[in-house]
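Below: a set of structures, written as C-alpha cells.
Across the two complexes that follow, chain A remains constant while its partner is chain B and subsequently chain C.
Presenting the complex of A and B:
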C-alpha cells in the first residue's frame, strides 16, 4: 500500500475514529485502526466491537492495499506533524511495518494483518430516514444527562429512540432516565421512521454521534434495525450495536394530573440553585423549595457549615408547598431548558414533578423529589 | 417388615452419634462432669489424639457405689433435681455422656465419695457392663476411655490425624479453663506438649487465667468490659482494635460459665468492631454473659454450643453497647504490641553496623545533650531523674534557637546538613524550623505530648513526659475527618431520593418477609421499601448520598445479611464507606509539610476524638515509645 494525503484531512478523520479505540484491550487488533487505500481515497476504520466508525479521506493512491496500525500512536504522530505537510503512508516490502513520512520525519509502525480486523457492518437495516444534524443534536443534548451510569440496569444505559403518534402528528422521540429523573425530547418524525422498532442507543455511541455532528444544517442518514443503528454524515459512517433490553414503560411516570403550576425565570432560578447549593458539601445535596403565592424560597442546610436561603419571584397561586430536590438534578434540567421561563407542574412533596419550557413543549423533564 | 423396639446398645450408639463426635467431645463431657463435681484440680492425659487413651482425673465429690452403677445408664443424672429443664445450673444435664461413651469405647471409672470407706470401680466395654468392684483411690473420680469408637469402626474412619484431634482437645480444654479460673488444669500425654494451668487466685482470677492461656500480650492489649442491663451481666475482656487476628478462633464466649459459639454473639461482636477493624480481621475477646438460667435455653443441641436467649436483642444490644463504650473509653491506648514491634525492629538494626534514622537521631541527640549538662552519667541511672533530665533540656533549644545558651538546634541542623553525620542515610526531612511560640512545658503532660518535629513529611514526633510518640499524619487525620463526617451523618436523617420507577426485586419469600419486617429500621438509613406481593420487594426511596446505585444488589446483600446474622448493618456500612472515602480525600496526605502549630492541633484533636487510636482498617495511628524502652536500646538499663 502506498498513499499520500494532506495531514489536515488525515488528522481530522483520525480525531473522529481514534476515540472509539479503547486505551487497554485484551484483543490486540482492537487497539489498531484499519487503513485501506483504494481508488482516490483512504479509508480509516476503528471499532471496539460495539461501535465502529469508518471515515473516507481523499488521497493519492499509488498502490492500493490495506493494513492496521496502533490507533492512538498513529493519531499522536499525525497530530505532531507540522501543519500543512503531506503525509506519505507506505508499507515496507516485507509487509510487517508501515512507514509514515512527512517532511523530514519518518516513522515506522508495527502492523497487524487487516484480515483479522473485525467487521460490524454485516446485516440488514429495516428502516432508513434522513434527519438534520441539528435535530439529532437536540434529541441527544436534551436527554443525555439523564442516562443511568448504573450498570446493573443496563437497559437504562442509553437513550431510548422511538416514534409516537401525538396530537401534532407522528413524533420521533428520545427518552433517558436513571430512575431519579427522566428527560424526553421529540422532533417531527420523518416518513421513513414510521413503524420503526424502539431502540436503546448506548451511552458511548450517543457521545460519539454528538461529537461527529458539528454542522447543524448537515443532513444525516439514519438506518436502523432491531440490533443496530447506522448514522451516515458526509464521509463518516458510524455503526453501533444497540442495547438488547426493554426500556421501561416511561409513560406511566410522567405525571398527568399535577395541578400546581409555577413559572420562574430560568436563569434566575438556575443561578439561585447554584448559589445556595454551595453550602452543602456532600453528594446528594438537597435544596428545599418553599412555595407561597408569588414567591419561592430556596433553602440549603448543612449542619457542618451553615445554611443558605434565597428568594426568587415566581408566578404561583396554588396553596403553599414545600418540596426537596437534589440540586444537581435541578441544575442539569435547568441547563436543558431553552425558553426564558421554566414551567414547573407540582403535586406534593412526595410525587414526581414535571418541568417544561413555558412556551414550547417538545421536551419535558420529570424529577423525583428528595425526602430531607 | 415388623416394627420393633431397638436394643439398649443400639439406642446408646445412636445417642453417641450425636454427643460423641470426636475425642474432643469425650474430653468436653468428662471435664464438664469434673467441673460440675466441684473439682479444684483436673488432670487430663491423652494418647494418639485421644483415640487410644483419654484419662480425666479430678479431686471432686466422687460417687457412691449405687450412684456409680446408675451413672453409666442412659438418662441418669445427678444434675437435674425436680425435672426442671429451665433451671439448669450445671454444665451437663442430659445424662447421656457416660452411657454414650460406654457404648462406643472401653470405659473405666474409679471414684470415691467422702462417705465411702474405699473407692469403687466399674468398666463398660462397647456397651457391656462389668460389675462394680472395690478399688484404691484417695478421692475424686478418674474416668479412663480407651479405644474410642472400637465398637463403631465407621466413625473411626472419619477422625482426623492424631495431631488435629489433639489440637481440638486442647482447644476444648482452653475454653473450659477460661471459664473456671479457680480450677487447676493440667494436660499431658505422649501426643502433646504438657500444659499446666494452676488454679488462679488473687484479685483477678479471670485475668490471671486469660494471661495463662492467651498470653500476657492479650492482657496488655485488652479493655475490661463490665456492663449490666435488665439482669444480664456482661464481663470479661475485649482486645483493642489494634490487636487483631486473621481468624475468629480467639473469640471466647461463655454463657453462665458454659463455653458457647453462638451466631448472635459473633454477629454482635462484628457489629461492635465494624468501624475500627477491616472486615477480614477479627478481634480477640473473652466475654462472660451471666443471666437468669430461665432466660436462656441451652438444650438446643446435644453438644450445647448453641444457646437461645429469650430476649436476644437485649443481649446483642448489651454486647455491642458495652464494647463500643469500651472502645471509645480506651481511644488513647496504643496497642503495646506496636511499640514492642517497633523496638524490636530498631534493636535488630542498631545491633548491626548501619544505624537507622531513629537510632542515629537518638544517639546524636544524647551526644549533644552532654555539653548542656543535662545528662551526667556519673550520677547513676535512676529512671525518674533521668526522665526529667532527658525530656525538656534536650529539646528546649529547638524551640528557642535564638537563645545563646541553646546551640543545639543549630548543631542539630548542621549535623543534618553536614556530609558526615548521615552520609550513609537518606537525609531525614525533619522539620526543625524554629518555633516562635514559646515552649509550653505542660503540653508534655498531655497523652500525646507536644509535637517536636515532622520526619519524612509523614510522621510527627511528639514528646510526652515519659516517652516519644510517633504519629502517622495521614492515618490520624483521615480518622479524625471520618469521625467528624460520621457524626454529621448521624445527626440528621439520611436524605432519601424518591425513585421515579420503584425497583422491584425478586427474592425468596422468607427473605422478602424478613426485609419487609425491617422496613422501619432501613428507612432510618435511607432505604424505603415495602413488600410487593409474596417473594418481591418494591424499593421506593434510596439514600441520596449513594446516587445512582445498584439497588438489586444492595437489597439482596441485605437479605442475606438478615438471614445469616439477623442484622441489617450493610447499608449503614455502605454509607460509612462513602464517609470514609470522603475522609480520605479530605485529609492531610503523607508528604505534606506541617507547621508546628498544625501538628500540635492535630495531636490535640486526636486526644479529643474517640476512636482516633486506629485508622479505619485497624492500623494504629500512633505508637508510643516509653523512655524506659529507649533507654534499654542504649543499654542504659
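Presenting the complex of A and C:
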C-alpha cells in the first residue's frame, strides 16, 4: 500500500475514529485502526466490537492495499506532524511495518494483518430516515446527563429513542434516566421513523455521535433495526450495537397531578444554586428549597464546614413547602432549559418534581427529592 | 479448623488456623468446642464495660484486647495504675471467670509488648527507664509494623535485634527505609507517641465464612452469600450506617484470595441491595473454581441519612425495602429464624457445609 494525503484531512478523520479504540485491549487487533487505500481515497476504520466508525478521506493512491496499525500511536504521530504537511503512508517491502513520512520526519509502525480485523456485520435495517444534526444534538444534549452508570441496570445505560403520537403529530423522542432524575426531549418525527422499534443507544455511542455532529445544519441519515443503529453524515459512517433490554415504562414516572406551580428566572436560580452549594460536601450536595408566597430560600447545611443561604424571588402562591434536591442534579437540569423562566410543578417534599421550560414544551425533567 | 486453643494445647504444637485432624494428631486428648460467637461477644462487651469503669479512654484492639489509658486516674481510684489493674484482673477472674494478661507501660507499643511477655495470666510492667535495655535483646520482629517481609529485609542488612537498631543513627535509618525507618528509630528505644483513642470508626462492615468442604457451585454459594448479606445489613442498621461500596471476597482451594468490588449509586444498608450487588459479582467468579471461603463487606461508610432513596423507575425496590424492614421487625420480636427467605431456608435444611 502506498498513499499520500493531507495531514489536516488525516488528522481530522483519525480524531473521529481513534476515540472508539479502547486504551486497554485483551485482543491486540482491537488496538489498531484499519487503513484501506483504494481509488482516490483512504478508508479508516476502528471498532471496539460494539461500536464501529468508518471514515473516508481523499488520498493519492499509488498502490492500493490495506493494513492495520496501533490507533492511538498513529493518531499521536499525525497530531504532532507539522501543520499543512503532506503525509505518505507506505508499507515496507517485507510487509511487517508501515512507514509514515512527512517533511523530514519518518516513522515506522508495527502492523497486524488486516484480514484479522473484525467486522461489525450490520445486517438488515428495518427503518431509515433523515434528521438534521441540530435535531440529533438537541435530543442527545438534553438527555445525556441523566444516563445511568449503574452496571446492574444495563438497560438504563443509554438513551431510549422511540416515536410517540402526541397532540402535535408524531414525535421522535429521547428519554434517559438513572432512577434519580429523568430527562425527555423530542423533535417532530420524520416519516420514515413511523413504526420503528424503541431502541436503547449505549452511552459510549451517544458520546461519539455527539462529537461527530459539529455542524447543526448537516444532514444525517439514520438507519436502525432492533439490534443496530447506523448514522451516516458526510464521509463518516458510525454503526453501533444497541442495548439488548427493555426500557422501563417511563410514562408512569412522570407526575401528572403535581398542582403547586413555581416559576423562577432560570439564570438567577442556577447561579443561586451554584453559590449555596459551594458549602456542601462532595457527597451530600443537598440543597433545601423553602417556598413561601413569592419567594424561595435556598439553604445548604454542611456540619463539617458551615451553611449558606440565598433568597430568590419566584412566582408561587400555593401553601408553603420545603423540599430538598441534589444541587448537581438541579444544575444539570437548569443547564438544559432553553427558555428564560423555569417552571417547577411540585406535589410534596417526598414526591417526584416536574421541571419544564415555561413556554416551550418539547422537553421535560423529573427529579426525585432528597431527604433534608 | 482450629480458631483458637488453650495454652496447654499449644505446648503440644497446636496452633490456630490448623486443620482439626492435624490438631488432634498433635494433641489427641484435646477437647474440641464449637465456637459460640454470641457468647464471646457478650462476655467481651461485659469486660469492656468494666474497663470503661476504670477510664473512658479504652481503645479496643480486637474482641479480647484493648488499650487503656490510666494516666491521671490515681486520685479517682485511690490507687496506682498497677494496683488498679491488679484489682481489675482479680475481679475478672472471680466475677466473669476468665483469666487475662496485663502489660503496663508508658505507651501503647511497650504496653502491648509487655502484655505478650508472660502469657497466660501475666502481669508485666515495663518502665520508661528500663525500656531501652528490655528491648535491646529482642528480635526486630517484635516491633509493631515489622512483618515477615520487612524482617527479611532487615535480616539481609544484618539487623536482627532491636539492640542493633538502637545503635544506628535515626537519619541513617530514615535514609535506608524511609518513613518506617524513622518509626524504627523511635520504637527501638521505646518511644511511641500514639495516643489511646476510643474513637476508631469502622471503615467497613463485613462478614465471611469458611466451608467444611470447598464449594464451586453458584447455586450453593448463593444462599450463603444471602445469609452473610443479611448479617452485614443487620450490623449496618444497628449502628445507623450505610455504605456505597460492596466487596465480594472469595478464597480459592489454593488459598488465593479474590476480591471484587462494586460501587453503588447510592449508599445502602439493605440486605437486598448488598446481596444483589454481591451476587452479580459472584456470578462472574463462580466459573467452576472451588472456593473455601466467601465473604461480603460494605465499605465507604456514611450515616444512614441518605441511604436507599426512592427510585424513579424501579417501583419494586420500594416494595422490597418495606418487605425487608417488616422482616427486620419480626426478627426483632421473635428471633432471627422467625422469618427467612426461601433461598436461605431451603439451603439450611440440608446444611452441613460450614466448617466449625
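Annotations for the structure displayed:
Everything that follows uses one rule, which is that the second predicted complex is superposed on the first by the 368 of 372 C-alpha atoms of A that agree within 3 Å, B and C clash if a C-alpha of one lies under 4 Å from a C-alpha of the other, contacts with A are read in each partner's own complex, and residues count from 1 in each chain.
In the analysis below, contacts are C-beta pairs under 8 Å (C-beta built on N, C-alpha and C of every residue); 3 or more make two chains touch, one makes a residue touch a chain.
Not measured: the values here are computed from a predicted model.
Model built by superposing both complexes on chain A: chain B and chain C clash.
Shared-chain residue A:342: touches no atom of chain B or chain C. Of the two partner chains placed around the shared chain by superposition, chain B is the only one that A:304 touches, whereas chain C remains out of contact. Of the two partner chains placed by superposition, A:272 touches none, neither chain B nor chain C. Once the two complexes are laid over each other on the shared chain, residue contacts for A:148 go to chain B and to chain C alike.
By the document's definition of touching, neither partner reaches A:102: not chain B, not chain C.
The superposed model shows chain B running into chain C at a single listed stretch; among 170-178, 368-376, 386-394 or 404-412 it is 170-178.
Shared contact residues on chain A (touching chain B in one structure, chain C in the other): 148-152, 177-182, 248, 250, 252-253, 283-284, 286, 350, 352, 366, 368, 370-371. Partner chain B is touched in their complex by these residues of chain A: 148-152, 177-182, 248, 250, 252-253, 282-284, 286, 303-304, 324, 326, 350, 352, 366, 368-372. For chain C in complex with chain A, the residues that touch the partner chain are 262, 264-265, 276-277, 280, 302, 305-306, 309-315.
Contact residues of chain B toward chain A in the complex are 484, 488, 491-493, 495-501, 503, 541, 543-553, 578, 582. Considering their complex, residues 148-153, 156, 177-182, 248, 250, 252-253, 283-284, 286, 350, 352, 366, 368, 370-371 of chain A touch chain C.
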